[in-house]
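Each structure below appears as structure tokens.
Each of the two complexes below includes chain A, the first together with chain B, the second together with chain C.
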Partner chain A sequence: MASQFYGRALALLTVLLGVSLATFLMVHAVPGDPAFALLGDQATAEDIARVRRDLGLDRPLPEQYARYVIRAVQGDLGTSIRTGQPVIQAIGQRFSSTIYLTLAAIFLSTITGLAVGIVAAVSRNRFVEFFISVFPLVGLSLPTFWSGLLLITLFGLVLKWVPVVGDAGLRSLVLPAIALALPTSAVVARMTRTTMLATLGEEFVRTARAKGVPRHLVIYKHALKAALIPVVTVVSLQFGALLGGAIVVESVFARPGLGRLAVEAILARDFPVVQGVVLVSAVVFVLVNFAAEFLYSALDPRISKS
Partner chain B sequence: MTEAAITTVPGPDAPRNGLAEATTPAPAPADKGPTNKGPSGNRTGRALRRRFSRPGAALGLGLLFALIVIALFAPALQRHDPTTIHYRALQVAPSAEFWFGTDDLGRSVLARVLHGLRTSLLIGTASVALALVIGVPLGLLAGYGGRRLDGFILRFLEIDLAFPSILLAIAIVAVLGPGTMNTVYAIAASTVPIYALTVRSTTRALAQREYVQAARALGASDLRILAVHLLPGVVPPLLVITTVNIGAAVLAAAGLGYLGLGAQPPTPELGTMLSEARAYLRQAWWMSVFPGLAITTLVLSMNLVGDALGDVYDVRASSGRN
Partner chain C sequence: MKPKTVVRSLLTCLTLALFASVALAQSVGGSVVIAINAEPDSLDPQKSATAVVNQVMRYIGDTLVNKDLDGNYIAGLATSWTPSEDDKVWTFTLRENVKFHNGKPVDAEAVRASFLRAKDPATQSPVAAGLLAPVDDVVVVDDYTVEFHLARPYYLLIENLTQQALALVDAEAAAELGAEFNRSPVLTGPWKVGPWASGSRITLERNPDYAWGPEYAHDGPAYLGQIVFQIVPDQATATAAFEAGNVDVLTVAPSDVQTLESTGKYSMLSFMRKGLGLYMAYNVNRAPFDDLRVRQALAYLIDKDALVAVSLRGLGQPACGPLPPSIAGYWDGICSYSAPYDPARGLELLVEAGYTSQNGKLVKGGQPLAFSILTSSTYGWPQSAQVVQAMLKEFGIDVTVELVEHTTLLAQGREGSHQAIFLGYTYTSADILNSYLNSANIGTGYNWAHYADPEIDSRLALSRSTSDDALRQETYAELQRMVLDLGLWLPLWINDNYVALQPRVQGAQLSKEGFIALLDAYVE
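After this line comes the complex of A and B, so read on.
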């Protein structure tokens, strides 16, 4: 277990270095002088020379990259060109809003996905079966930005149950979370159904049944427990999609989160901010997957043995 | 993903399992489907016919075909131009003249939806094609090449996968600037690992087969083995992953459009139309409902077809979750 941990940690480190290299090169991939790209069209020659010196752009690339990584590890992601604010501070202000939305969507999609998936695996009712087979397909085909607009129209404008825009605490989290959770709940529902059907056919479940364990106990205690493992993996893999999806959903509901920060920064060509948001989200995503891998092996003893 | 969305069912988890297979020996070959089911003749053909006679699959195929025809002949199908501004018909409700109504600038929503479908299909197919052109050779090399090459390519793909797909797309648009072609590049870059990893795991399994070993013993060159013996075996799982991911690519492109980072005005784009409609949800429902329905129907038809293909080739069971 320990050696496996170190092996994976080493791989994690390589990926993090690669991620930082990719975000570092992002600014250098912009055609022309990065200093010019940073400052925009109105920059004077003096400004450009100053920025080049300040950012160390006059030094060789490997040295620049080393500095970038050392600073990033210390929490220094540069300053926003548009506002002059440290990037890490700008991200800090918006981070919680995005994380709450992502977590709420994970919670919602896991609950509904599991429920739908279990019913789908167990039910023998034709109507239920039809609904269940349609739900994941529609969930995966509906763009979050349209379902978001539909939710705003119905619950915000027609019924007036919830505030439709901004971030005013828990109540304004409901609609964006539903919109964001829908595709993921479809994925979870499919996964749950497949694994439940597979485990229900396995021998230990048959044995439990033969011993006279009541049906609902067989389903919820024996089969569901085994079916949960792949669901954990799917949910953790969906974390990245949700984090990315949150960017779009934030835009629909005008929530001040990371996504809106990134989009505003792109439109203003504020590169340090874009770079910072991309780096931070990738690092969070990689760490979540790393953690999930261990949760996965803790849930399934077979994995750590191999 | 689309991430998001971009990354739908087989999207994110198929490649991840491909990665997991790097450490586990003998991955289940993705094309084993037909052989598993028994020795009888043209099973795939029969399975294809059976699947597409099911209502869902037939509906998907029919819808997709209809939408492609509509998109191809969009200019001939209705009388308005998608960019013409009708000053005396601002936000007109659906009528005989404007079937889907007009938007805040007095442009025909029907014309814009039809041309928007065109944009979506173009970006969807172009980005998937580009991702295939890059991903398939990478996957073949990783699956057939030596350990070091494999390890190198895998690291590269892992780094690519570390970025949530829509974020990677956003980063690329930040560098290249918004636009139709840049949307294609952005989506292709974020989906290359999906194809590369699928091809890699299939190639690895196929390379162990007797007919490949026999070809090598007979002195066939590596290039010949890759092109003649391995590439065809890779096609069935790819076909499934591709159909499902065109839908995801269409969603991703529309998402970028919604954010203002996709195809730029005046190009009619469904995501952009929805973001324009956001301010008029109450006054002009038709501005958001029709573009939304168009994207959903397009992606749904692609998902239905992908699902049916997935059942035929049994891809999800073998190369996906185990």
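After this line comes the complex of A and C, so read on.
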């Protein structure tokens, strides 16, 4: 167990180094100067030169990266070029909002995805089958910025169930979570249906049926548990997609989250914030995948033995 | 006192009395929610660099010199100002009984400390330091008199002192609070910064001690208890939030103006942009625009009226020169001076430049007349690029539209890798010409045409130093003509900006500069 843990930690470190280097190279390869982005169209040439000097952007790139890594190891991700705020603090203020949104979306998409997938696998009703086969298609095809606006128009503007902007606690989490969950639930539904169909055809299920176990017990106790492993993989991988999807959803729903922080930072060429957000997201993503692996062994004891 | 002044003061008294009686009727409290599309970087006026801060700063800070709703200079925290004989020393008399948000009185020492902080390199002020560049020192004469000592005569000083970046800060509090001052600055305005929920909203709270407002508003503190700035990056969401009643004040996207107006439910205010919404700058170092005749010819080939009708839905007007009528210094002869839509004349110029028509294409030495326009997705720009492309295609000119993200656009324009580039600006004074035309700004700043001309440089210097207003106006007029004569820019359009208010918000006024004055505002 301990060696497994150290192995994981080492993997995490490697991922982080790789991610930080890639992000660093990318943000510096993109044309555009933070000083220019910061000062906008009201600045003079003298202002630009002064700000560049103040930000230390005139130093060589390897030196900038080395400084960054050394400080990051000490827990200092630098300060935002745009706001002068420590990056850690800026991320801290936005982190919980994105995590709540992502968790809510995971919850919603897993529940609906599983339900739709199971029904799709066992249903003999043609109408239900049709609806179920269309759902993943629609869910995957609707871009979230559009489905988000549809939800806002319907529930915020016409029905007025939730405020369009502003914080109303849990209520203001509902619409963005639905918008974000839609594509993922489609993926989960499709995966669940496929694995359920495969599992239902297996011998142990036939055996269970033959010995007279009621149909719902066969489905939920025998087949579902075995079918769940690939679904866990999909859900944990989708976590990354959801973190990415939050970028769009947070902008549409005016939520203060990591995704929006990243967009603002990219547009302003606020390098330290971009790097910070990517690093933190990478950490979260890697941790979620570790968690998924532990979940496999809970679902199927054979996995941890191997 | 001149008779005129007496009448004016009497009128002021009457107005004040009127306002005072209205004030009694107004209930104090309530809040107004204003949607903004980005989060301010910092509310320390000396640290901020983003335009969105200007929308907030007027409510929380005061400047030495203020502007009335028509844009004329009026008393701010200074009641009067006079230049010395040689224009190098300006003396300001300060208003008495002004207090910072922390209760500390504002005297000459505090004013000096605020301006010296802005100038101090350690402050790293992106905008404020530049506005004060010619100021050598601020000297305290007595408790309520300060002198600004200038390195050279600088007529923009008064204009600069009206800028939000030079709102007065409590320099002592800034030193004590450090980075915290960015989010809870100590200023003097009618509201103070309250809770700031990152990425979500900033709440301003009424300053009950406020008694030094501008002359166009009632005396005493504001009525509104709170002003909430709700950060909504997505324009469609902001509009939906406004229609749902979650937002009271909305800067309306041009595409939504008609929809909101047609409901008849909201008050819509509009003002002409202080700047050009769109112009095309030519890079004079790159073919085909290294030929003056080509640059001039295009001006005759583009029907700006049609362009405004299509790409702006008519919510604006064609631009004739580099300055709009909304900026002082605009030469009102520019529209009759600029090239009219006259394809015949345009094609004549291209023939003079050596182009001939072959199979419907303009060709010179085997090379077709073709160029690319670099544009970002700023509202109306991609559409305008397509319209320009279609208009020029009729004359056998091939235009490619290259769409990039805005910061990339600026970087490429600065390097000079473009042939033609779409840009716009918003600014307070005609001094913007210096940024765009000064040869010192080639490659480092905003000289997008990459055109160096000592004659232009010397006129720019003159416009900045002379104390002779008539001469300055004439210099600006000359510069505006030169931009057209030299074909540096093709000015395209000036858009109107729209603001929508919920009917529950009463007494709000819109200045010609687009500032929504809320001192007299109240909610029902």
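Quick note on the criterion: the second predicted complex is superposed on the first by the 237 of 306 C-alpha atoms of A that agree within 3 Å, B and C clash if a C-alpha of one lies under 4 Å from a C-alpha of the other, contacts with A are read in each partner's own complex, and residues count from 1 in each chain.
Note that in this section a residue touches a chain if its C-beta (ideal position, glycine included) is under 8 Å from a C-beta of that chain, and two chains touch if they have at least 3 such contacts.
Here the structure is a predicted model, which is why all the values come from computation and not from measurement.
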| item | value |
| --- | --- |
| Touched partner set for A:P143, first chain B, second chain C, both or neither | first |
| Touched partner set for A:R82, first chain B, second chain C, both or neither | second |
| First (chain B), second (chain C), both or neither touched by A:L61 | neither |
| Which superposed partner A:V278 touches (first chain B, second chain C, both, neither) | first |
| Touching partner for A:P256 - first (chain B), second (chain C), both, neither | second |
| Touching partner for A:L267 - first (chain B), second (chain C), both, neither | both |
| Touched partner set for A:T153, first chain B, second chain C, both or neither | both |
| Touched partner set for A:Q93, first chain B, second chain C, both or neither | second |
| Residues of chain A that lie at the interface with chain B and also at the interface with chain C | 30, 145, 149, 152-153, 157, 251-252, 263, 267 |
| Chain C partner contacts - residues on chain A that touch it in the complex | 30-33, 36-51, 54, 82-85, 90, 93-94, 97, 145, 149, 152-153, 156-157, 160, 163-167, 251-257, 260-261, 263-264, 267-269 |
| Complex contact set, residues of chain A against chain B | 11, 14-16, 18-19, 22-23, 26, 29-30, 133, 136-138, 140-146, 149-150, 152-153, 157, 183, 186-187, 190-191, 194-195, 230, 233-234, 237-238, 240-241, 243-245, 247-248, 251-252, 262-263, 265-267, 271, 274, 277-278, 281-282, 285-286, 306 |
| Of all residues in chain C, those that touch chain A in their complex | 33, 35, 38-39, 41-42, 47, 49-51, 124, 126-127, 129-130, 133, 179, 182, 197-201, 230-234, 236-238, 240-241, 243-244, 246-247, 275, 405-408, 410-412, 414, 423-427, 434-435, 438, 440-441, 444-446 |
| Complex contacts: residues of chain B adjacent to chain A | 1-9, 12-13, 16, 24, 56, 155-156, 158-159, 162-168, 170-171, 173-175, 247, 251, 254-255, 258-261, 271, 274-275, 277-278, 281-282, 285, 288, 291-292, 295-296, 299-300, 303-304, 307, 316, 321 |
